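Next up is a structure, given as structure tokens.
The first chain written gets the first letter, and so on, giving A, B, C, D, E and F; residue counts start at 1 in each chain.
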């Protein structure tokens, strides 16, 4: 682990090897829990024999002061793993909490919140999992498992029609073809070209509503760009199938979670 | 790369292998640039022969619409690398921008902004670099390169005095001993125990001022906990040497940066 | 490289370090070439400065005695890399050759040959590439980039209807839903459940023809199981869209390709 | 695992996390089993707690419909691991089956079947193991653990005599020196040079018999090139010690093996 | 493991798979034991189920013929792991033994023995651990966790004063600043510049004594260069805090330790 | 690199990024140089653009004050790479020097010095290379490329005869069979069993001479155990083919080599 490196100097010098203790992971803020098994894994990597009892599970609504888990074992292990465990737990819970808030607003609409590829290198799996915990759906996991034809692809391919035709010919037959458009002209082009999903990029709710009418169930409609808690309902009312929100993962506010230690037992003083 | 996996299906099917183009990386928001060499590296990993001209360098104040870099080369490479390059550039610039804002507020004071270990796994080096670009200083890089005795260590070691004594005996003689305390009693204990740095955790400005007086240059004074742009100046006025801010890295707002493609050249139509 | 390990004892002892030579890679059998760049890469990993001139490119029809490439450089490098380069080239060309033979038989039909996941660990990318070189199409690359509901999934999910419904709800909206069925009852169930692709497993050409009629363009039709050069045309006549053939990759006959050395130059005798 | 990547979309969506089941691995063809522990390992990598009971062991003669192993555990794990486990098991059993067939033909002769380095990258250990299971012997594992002076080495070293002398001087004293020759002149040269093993490359049985006489136990005699089930006995009759067969590993016909699921238990419907 | 590679040919051919045995690791020389858990780990990597009973623990004084540990388990595992286990154990015990000898000489003085970065790539953690076992202290673990300004840095920075000032400004505030000097002028410069630790490089005991007087507790004093068992006490008498000795790790005499096998049990003769 | 970790704090703070310099690697002791290309590689890993001019090549006799190489490039790179480059160069040259000394003593005898597997984990290739540079020969590289039947194998196999028979049957036919014996009885047993090489373990020169007579060229004779510069000639006189010396690699005295910096150029003062 990047954090431990050649050893936790502080803990190795101040905590006896045989001291055992109980660490309480608790919330200092309200939100949705995500990543409790990741916290567990961090401690188990340091010491496979450690005991980790979760008191809350992923997806639970948690409130300030809730105990989320109890870690029992060598005090050294618990102190050394604390920061990495919390860093991940706080970020994942931050993502789940924000997703859940958007999801709550969409109650009663068929529209679903989806994430994007605006995640951090190495953490995509965990961040997309946190979105699911918060009630969102995942968009494609990477460039390899879905086709999304954007502005720049269209420019190079020489138009929507030829871009879609090329993708249909070359991509595996198991993938749908999604096309990003910026206006109603684009919607018509994409439909005619045979797109399976049409992404409306940065269009206002009025245009979106019009687009939904034009498409008329012949493709899935997704909106993207500049969507927040303030305007998400307007887009849902316009009848779109999916709303993708980059900020779910690119601008996360960590949920405040902490660890406190109790009931220390030291068998001997020598180390 | 996690994002590319078995290949960028969209680009491979819609963009000819011999199409070359120019990609412009530009700002869509004001802030401080950080990570331009990381963006360059992403494209060079995909294609070592690509040309990447930076127009701004790390630490530059950038404004909406500024061109930050121009990437010239195979259109496939540019489109495939875009998202990973931007994800990192946006986060690093977000960190630098926030650090710079705090730093600006501290102008005229001797107090320095420092980061914490509340970074994401695998990204610590880049995130701490972004803090430096924003004018902040780095605290220790991990558990291995600095001693920071916290509440939990003190509990187990049986008091500040014995914790500091243990650390002095066991830690390499090249490291200073930092102790976290929560009140003025703790400040006195830490001083008496011979701490080189005293971290005041979640203490209000008045108590902090009192602590600075007590310490009277015999140790460095660092404050931590609940510090934001709203109250950072009060702490500086209290005379502390260092202010550490976890939110610099744990709750980042990505700076909005984008890539646009121009001047496409396709040598042939066959692929 | 697994083959080189701690060094090529024979070559290191019998070939002077400064001997240079020309290695001719040539065919000893007719077929379709695939993997010439992989052979090049093997030699370049051993010595980045080596010269590799391809005389044929991937997809070329080659005949016995054709020279495929010339490798110029240190004799040691050429001899040490020979076996690994040929092992890959022979297997990939074997795959392309067999795919091309099936493809040839399907000329005039709309039906396309596709591969399966019956590939060898670590070699999937290369084997699927060889199928494309031979004129085939790739099915999904792994379990992560396409949905294929098989017999066993249906058993557990409690029927075709619920299996498809679950997949539609949980899988990314960018993926089509493919269902494997074993008879005409299954075809009807899959259609009703809303499958995008129906795979007919081990059905005879007569039933397949009937299935194509039932589906009537409402889904793609793929056949699989027991298909060889002897019966592939019958299936094409039945009007299916895709024929998947596991033997393309699980039972490959390597194409016979060899390397011969000429024009040896040794600058000195000492080593 | 290359096959699982970011997750088995089909299984994760259609199979509940708490469904358990029994998977039967069974033969669909007669042959020799090899690799049952590799199949076990695949499932255990996915879930260390899974139960894998082998009903047949490596080296067993198996017949169509034989149950080879029973896997008990989470249905998700069994379905996700199925393909990789079978891909390896089928190839390894294919190799063992072919080796055993050659071995059977050689019954009563002192001659032994050996493999070559014509294996696939990353799989050599498993493929050579399968040869042993089929009753064959392994030739050297790579370029590092045996000396085999071929045509190309002889050309560069300036003749058989100097090539052997160089190898004797430079190679560790623990290795025998093997020389490949193409005719009886070569046999005499190799003998005179002091070769420990002489490999007769692409020589017909009559010449081979003559070579064996010339050598007269002063070196081991190995034949190689163009040997199949049709002519292997003739070579054995000629009195050679070893017959090496590249096709054992470079052109494998996978043995048909499958997995079927039974006795599904789902504790709950929620997932 | 580099030593085992594709398998221990000797053991696999001469030792039955089901033979179990007891291996005794014993000393053939007097010294201090270090690394017994590393030996244990080597055997457990080869076979997690092996039994390893230590009869001596790290730091114990051992004498010729002492049994250090008993390994019980498969004879193959014990024979295959023997060399790697002993190689590490012998080197680590060699380091601990030499450190302990120096330490013994310093009894009664406040001076401590410390190591350097003159360790072998990949083994630093183990070698520095062995120094601690021998009663020494560790200097910094690498270039990243401590500041040591040497001759060459001073030349480039333009003098001791500016070098120290730069380090104080740029290095984390948690690290002390150590400066290497070669004479008394340097001592004064370093003190004035504010160095926390002063390293006296290759100075004779008389000058060292003078330096200690000049420093007068305002910094830690470390000596380095040309220190052996012959002169170490003189330096201690001169009143230095620390003596660093490169030879502790760069010129190690392995402690003679061996493994002997007894009580072999073979369940069957077949293999 | 283990040594650099998160960065060379001292160099990064005291040396400007644009300072360039010349580093002289020079000898401080007489000996044989080995590893100059390894030193070069260390600097090139840190900065591929650095210039490294060797003034001496591996195998050269070097004397105190000889310049071995000049490194030109960024001062930061040179200072940061210095320690790792020297650590390896000093050890490898130490090994070559000692081997050369033994070799010198054996001038005029046919006997060759060989190494053992008593090397450090991860460094075997470099250490065995250094032995060759010093004029020695390499024994097997690991357990995988040579057969050496020792005391413990013989005990388990039930005697020399059966151990050799087993090895002949199971090991690849390309390897010779070496047997370790402790007395003349063992020599006779090994010869009768058909050993290709007989290793005399810890036998005195008189017995060794007798053994050589008994063997009478029917096998190679190697001696091992307790051989140093004091008695090596006696063994050579006894007529053995090979002398293996563990201390060549397990108890190395590093050759003293250092790096000095000159001609510093700093383009600017800002960093």
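We adopt the following convention: contacts are C-beta pairs under 8 Å (C-beta built on N, C-alpha and C of every residue); 3 or more make two chains touch, one makes a residue touch a chain.
Just so we're clear, the structure is a prediction, and the values are computed from it rather than from any experiment.
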>> On the document's contact criterion, could you list the chains that touch subunit B and likewise touch subunit D?
In response: A, C, E, F
> Hey, which chain ends up farthest from subunit D, C-alpha centres compared?
Replying inline: B
>> For subunit D versus subunit F, which are copies of one sequence, does the interface use mostly the same residue numbers on each side, meaning over half shared, or is it different?
In response: same
> Using C-alpha centroids, which chain lies at the maximum separation from subunit A?
Replying inline: F
>> For subunit A versus subunit D, what separation do you get between their C-alpha means, in angstrom?
In response: 45
> Roughly how far is subunit A from subunit C, going centre to centre by Cα mean, in whole Å?
Replying inline: 35
> What is the distance in Å between the mean C-alpha positions of subunit A and subunit B?
Replying inline: 21
> subunit F: which residues touch two or more other chains?
Replying inline: 5-6, 141-142, 144-148, 172, 175
>> Applying the document's contact rule, which stretches of subunit C touch subunit D when the two form their complex?
In response: 1-16, 19, 21, 75, 79-80, 83-84, 87-88, 90-91, 94, 117-124, 141-150, 152-157, 163, 166-167, 169-172, 175, 247, 250-254, 260-261, 264, 266
> Which part of subunit E faces subunit A closely enough to touch in the complex?
Replying inline: 125, 141-142, 145
> Which residues of subunit C touch subunit A in the complex?
Replying inline: 114, 137-141, 144-148, 172-176, 178, 197, 220, 222, 241-242
> Okay, in this complex, where on subunit E does subunit D touch?
Replying inline: 6
